[in-house]
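What follows is a pair of complexes built around chain A, which joins chain B in one and chain C in the other.
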Partner chain A sequence: MISEQTVIDTVSDVLELQNGEITSVSSSENTEKWDSLNHLGILISLDKLLNGQAAKIPELATATSIKEIVTLLNKNIDG
Partner chain B sequence: MVEANIKISAIEYCLGEKKESGFDLQKDNPDWKIEDIEEKTGIKTRWIASKETTAVDLACKACDKIFKKVDRNKVDTLLFVTQSPDYFLPSSSCIIQNRVSLKTTTKCFDINLGCSGFIYALSMAAAYIKSGFSDNVLIVCADTYSRYIDKNDRTNRPVFSDAGSATLLTKSYSKRVGPFEFGTDGSNYDKLIVKEGAAKSSFKKNNKPTLYMDGAAVFMFTMSIVSKSIKAFLNKEGVVKEKIDMYIFHQASKVVLDNLQRVLELPDDSIYKNIRDLGNTVSSSIPIALKDADMNSTIAHEELILISGFGVGLSWGTCLLTWNKLL
Partner chain C sequence: MKDKYSYTIEGKEKIVLSLHENVFSPTGTSEEIIKAVSENISKPGSLLDLGCGSGIVGFALHRMGIASGLYASDISMQAVNLVKKNAKENNIECEARDGAVFIPWSGEKFNYIVDDISGISQEIADISPWFKNTMCESGVDGADLVVEAIKQAPLYLLDGGKFFFPVLSLSNVDRIISSAESVFENVEKLSHKVWTLPDEMKPHMEKLKELNNKGFVKYEEKFGLILWYTDIYVAYN
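Showing the complex of A and B:
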């Protein structure tokens, strides 16, 4: 399991945003810095955090909100 | 799988005439953060064909260069890998045959593939030579993707260059090319696509052919499917990754190369990168990298090289080479 807070922290780090600027309802639609370039950065950071498990989930490419990412990761990763 | 006694004898290439820097991108797009883009792509310079130059022109230039070293009359098969043909028909390879004065007995055809195209062509050349159907096969790769890219396209413009390459395959006394591994995932055909201009398009006005790439989807495809395929290939062939002297992947972008390296757990000095000053030259990227690596002695005679191309299709191919010094 990965917690929603861990995903929020990861996305905040990549987008270089302060605590609280990314929340459970954040997405590329409502977060200006969450563009296609930074989405790649989010995918890479998540993969590093999860020791390569995120790279095995191609569907993550289209997961552009905190909720979608958390749901996909928890559906697919071990432990 | 084909494992023929063939070798890559010679490679030559040429680039689009216009050198394009980050400054040029910034001029057209003041709001782009060029440093951020260059950090992700790893590309400082692209080479763009002039308005008058087509992929066939680049192909012919590369052929002219290789024919300074090898006899054109020995070529009996020409495989032209392109997604920027001069016409819907005839095949561009027929035009090249005439332009570079190959014999009229030469077998010529086009292969419509992108970044995996060189590996596919290599396997066909190997099969032709192994079967006795051909003796000397010229693989020519050329594309002018810049024609499909708008000046404000932040996904594609910072990445792609125009280039042409010519690679001669001949018989060898020892096995130097193969084995191969291939794959296709047509369910994601629309993740890297030019929709306009062909039979599915409406032929309406302002229907300019435009390259669309879902960068995140193509990236995840590389990380998941391509890396898995390479691991499975090495496992199947009983080759441990440490035995490979150099990995030469399609030069897609820095972020792709870095993360393939990470996912496959490869040491820094085992992965070849020449993308900084060349950009992504589509199907020519592997032959260009092989030529450069041979020229600067990054790869040497008898070394084991893994080459892997992946992209539009979605399509991928991997091959092992036992290297021989090029002409």
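Showing the complex of A and C:
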């Protein structure tokens, strides 16, 4: 399991945003800095955190909201 | 293609460049170079933008106060003419010359040299969207021109000078790094940026695999995407 807060923290780090600027309802639609390049950065950071397990989930490439990412990760990763 | 490109430096006036279909347009790698170089230089000095294209790298570093004297060159006369036009339009003083690698700068030395000469496998360039109307003569492993620039660079650096260069994984990374290590005492990686392969290149995966097997390119398959990278290095003695 990965917590929603861990995903929020990772996205905040990659987008260089302050605590509270990314929340459970954040997505690329409502977050200006969440563009396609930064989305790739988010995926790579999550993959490092999960020891390569995220890289095996192709649906993450188009999952551009906190909710979608958390759901996909928890559906596909071990532990 | 777009005919204008704009680059914003925080707290400074925006740089707006005219583009030309026969001149290499700024890419994410150009922006990575600007970021890495600006974070590594603390003292302004003379700066040569080698393989300047439309001029964005040198112009941005000049506007940031890093390039106190700005010099630029490109093998393409059209690029040099475009740089002169863009410099005038942005009120930037820049001496621009045409010629391959260091040929236009014989006998001259600089504090900083930023190499943005195209460095990807020629076979990749042929199937990529980046070199539709521009030259890429970097050889089958993409390293020929970059290695040539690296080998000559010490002759054109002032004491304490630094040479910045991008290494794209769509070229022979190992050959480029080992050539830098053979002519410079210090070679340091400043940044690493991962990109996705453009869609129009996906039908050519067999070619990519063949070049990967030969060690000419490196890529990874993750998240259902094909990923490659740009590293920015600094070398100095």
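Note that the second predicted complex is superposed on the first by the 79 of 79 C-alpha atoms of A that agree within 3 Å, B and C clash if a C-alpha of one lies under 4 Å from a C-alpha of the other, contacts with A are read in each partner's own complex, and residues count from 1 in each chain.
Note that a residue touches a chain if its C-beta (ideal position, glycine included) is under 8 Å from a C-beta of that chain, and two chains touch if they have at least 3 such contacts.
Every value quoted in this text rests on a predicted model; they were computed, and no experiment measured them.
When both complexes are superposed on chain A, chain B and chain C clash.
Of the two partner chains placed by superposition, chain B and chain C are both touched by A:D47.
Within the superposed three-chain model, A:Q18 lies out of touch with both chain B and chain C [touch as defined at top]. Residue by residue along chain A, chain B and chain C are tallied for touches, and B comes out ahead. When the two structures are aligned on the shared chain, A:A61 is found in touch with chain B and with chain C. Across the options 80-88, 98-106, 152-160 or 206-214, chain C meets chain B in a clash only at 206-214, per the superposition defined above.
Counting contacts as defined above, chain A residues 36-37, 40-41, 43-44, 47, 55, 57-61 meet chain B in one complex and chain C in the other. Across the complex, chain C meets chain A through its residues 28, 194-196, 222-225, 227. Listing the residues of chain B that touch chain A in their complex gives 36-37, 40, 154-155, 214-217, 219-221, 223-225, 227-228, 255, 259, 262-263.
Listed in rising order, the residues of chain A touching chain C in the complex are 36-37, 40-41, 43-44, 47, 54-55, 57-61. Chain A contributes residues 36-37, 39-41, 43-44, 47-48, 52, 55-62 to its touches with chain B in the complex.
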